[in-house]
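Labels for the chains are A, B, C and D, by order of writing; each one numbers its residues from 1.
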Amino acid sequence: MEPTVNESSEQRETGRVEAFSDGVFAIAITLLVLELKVPSVDQGAVRGALGYDLLRLWPSFAAFLTSFVAILIMWMNHHGLFRLVRRISGPFLVANGFLLLTVTFVPFPTAVLARHVLGPSSQIAAAFYCGTYVLVNVGYNALWSAATRGGLLHPGVSEVHVRKIRRAYGAGFFVYVAATGLALWNAHVGLALSTALWLLWGVLEYSEERASEEAGPSEVGN
Amino acid sequence: MEPTVNESSEQRETGRVEAFSDGVFAIAITLLVLELKVPSVDQGAVRGALGYDLLRLWPSFAAFLTSFVAILIMWMNHHGLFRLVRRISGPFLVANGFLLLTVTFVPFPTAVLARHVLGPSSQIAAAFYCGTYVLVNVGYNALWSAATRGGLLHPGVSEVHVRKIRRAYGAGFFVYVAATGLALWNAHVGLALSTALWLLWGVLEYSEERASEEAGPSEVGN
Amino acid sequence: MEPTVNESSEQRETGRVEAFSDGVFAIAITLLVLELKVPSVDQGAVRGALGYDLLRLWPSFAAFLTSFVAILIMWMNHHGLFRLVRRISGPFLVANGFLLLTVTFVPFPTAVLARHVLGPSSQIAAAFYCGTYVLVNVGYNALWSAATRGGLLHPGVSEVHVRKIRRAYGAGFFVYVAATGLALWNAHVGLALSTALWLLWGVLEYSEERASEEAGPSEVGN
Amino acid sequence: MEPTVNESSEQRETGRVEAFSDGVFAIAITLLVLELKVPSVDQGAVRGALGYDLLRLWPSFAAFLTSFVAILIMWMNHHGLFRLVRRISGPFLVANGFLLLTVTFVPFPTAVLARHVLGPSSQIAAAFYCGTYVLVNVGYNALWSAATRGGLLHPGVSEVHVRKIRRAYGAGFFVYVAATGLALWNAHVGLALSTALWLLWGVLEYSEERASEEAGPSEVGN
């Protein structure tokens, strides 16, 4: 669209959007701790009752841990994706904004899950949690789509690599939808399937020089 | 005022004010989620009652979504404005401080709106929400006024472009005041008008090489 | 202490401490909004009762506004001070840590003041608030002392300028202590005196080329 | 692993992980203040009752102060460690993620300690607090292990220096475990031992040119 703008200005723009996104990721991941509620002091409590109270908080600890890892993995994927992007566009900014919306939302379904996972609405809570990751996944699909269709990638990124990432994101969508549906039947199965996807996002290689040793590294990694 | 200070020092100053502002924007946008309150567990609740509880939270979700988009658009406009600014001054810093004050305030009227939009004080809540954007708009007008009167802009920014942005900000003021007044009569009309302005801020072009293809890009976008 | 370390490494160190401090300032200033409590919905409330409830929140709004401006002015002074500093030392880091401690503490006395300024303990609340700024001021004095005694300043900063800033900080200490004492007698007088000091911090010039036109700007402002 | 990637790209990667980590540290340290609860206004309170209420909050103030200093020292150590690192790897990222997890968790045991240190479960609260630092220490050990085994350090870092830091981290582990055990017997002894370790982390030198004057500074400090 704007071929005359020089490279360094483009990189600064991309860098600033990434820095803003990083801030949102860092804050969202740190706010998770606010959902952990301190057990109150019972007047007639026996010595050491707090130990039992803390143990009973295990759903909150598990939800805190799960969402922390989830946001951390999201951040690493976001960063990996941005390394392939040379410049940004309007649709890319909108997709990135939607993705950040879903990231900042994560602490809420996390708290809902922690509070309700042992109650009569555990399936709803689990489906709400898994459903949030459907939205997160839609954000990544939209971001990648905006990047590839708008020609925003570094020249060195091959079409094979583009398709590999698109396929991973697309497959993630169907698995998250399935996890959400399964959670309505059995909360644990849905949560397990949703969490299993971390393996995919954890190993997804964005840097082409790591994925295949053939491409020149200076084109992508610079 | 200080013609002897070299360019890179000026840019560093501007960059640091922008980085601080970016941090405030990123935190304010992420704090919005804290206003979403987790439905409590009712002892005798039937299975799946949480689903109904979550649905009843729709005003909170709508307010969260609305304010997220509003702050994101504010951030993009703030960034667009800063791209035209070469150096900063005292009045510019004061105006930027006032703008940040209104940005950090946004989560509060958002929470007020979410809690009261269905109650007997919906008009007050909506007017309070719309009125906050009057203040935000005053901040942008003050910032642009400080930038243009103090000669802080890049040399390449044309007088036509300066007037175009001033007119957009000025028109925004009257629309937000009108939205606040209308909200006292009908909450939905006020909120709709206020939200409709997003279209204006979303398409307002700060970069002159995008607005008109004539200007040299290196003057502004560097 | 470490004369062999080159200039760019020193500047990076200073820049990183400043970036961390900026983050703390930005978060503290944005957390202030969390102390504003949304008026609850009364079942039998008459139409528009929220308006009255919001008006009754004026002490919270006033405290929010006051502390926002206070932290913003602190940030500008912190930044101004860092512009004069070329490298950092252990004592400087400790003093900066103490200053950040007092900055992150500010939201708490702010909330105490807002809740109690109209109650029977208004003097205590005001003295607690003013006393916090005594601690903040001690932080600035310690920071400036560490910078000047450790020889951390840019070579171009004159002894006259060093003394001017030291005198301003030292005078501030006595005024804040006086404000704290006066607040115990009359809350309004103490708060007014404390706030009046903003004028001093707002106009205190750190950049020597602005304070006096004689010094070469490239020594300090680079 | 990837010898062809040029130096500046590696440094940018390391810098971005450090910037994200810095953000998490800055937010966690600032969130501590949210655990300080404003004393409520009692209707029939005598004049100045707030003073007594604030004094009774001393466990919260002490916990706030302790955790603030702890996170600040953690941040300085994190920064010192990163100065020795030239590039990052997968295991290093995982270890850093675990460390950040423990850092964001700190506000919770802090609040538990403040609430329970004077109650019948003070030993449990103190052990929970000290135990958190065992996890933090495990994070540092994992980070250093990933850095040294993966060959991620700057070439100028000597084996002697590597062993010195490893020994300090390893000793810290046993002391924190001992502090956790002792806290179950006597809360004060456990907390005192845990806090005494600050002296170790406060003086641990990461920069080799400070630790020994022999090494060339440009290799490490650049």
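Some observations on this one:
Rule of thumb we're sticking to: a contact is a pair of C-beta atoms (placed from the backbone, for glycine too) under 8 Å apart; a residue touches a chain by one contact, two chains touch by 3 or more.
All of these numbers come straight from a predicted model, not from anything done at the bench.
Superposition on CA atoms relates subunit A and subunit B by a rotation of 90 degrees, given as a multiple of 5. Our note on geometry: subunit B versus subunit C, Cα centroid distance of 26 Å, whole angstroms. Centre-to-centre separation of subunit A and subunit C, using mean CA positions: 36 Å.
For subunit D, residues that reach two or more other chains under the stated contact definition are 19, 23, 27, 31, 34. A ring topology is adopted by the chain contact network, closed into one cycle in which each chain touches exactly two others. Looking at the complex, you find that subunit A touches subunit D at residues 19, 22-23, 25-27, 29-34, 36, 38-41, 45-51, 54, 64-65, 68-69, 72, 75-76, 79, 209-210, 217-218, 221-222. Note for the complex: subunit A touches subunit B at residues 2, 4-6, 8-9, 16, 19-20, 23-24, 27-28, 31, 34-35, 93, 97, 100-101, 104-105, 107-108, 111-112, 115-116, 119-121, 123-125, 128.
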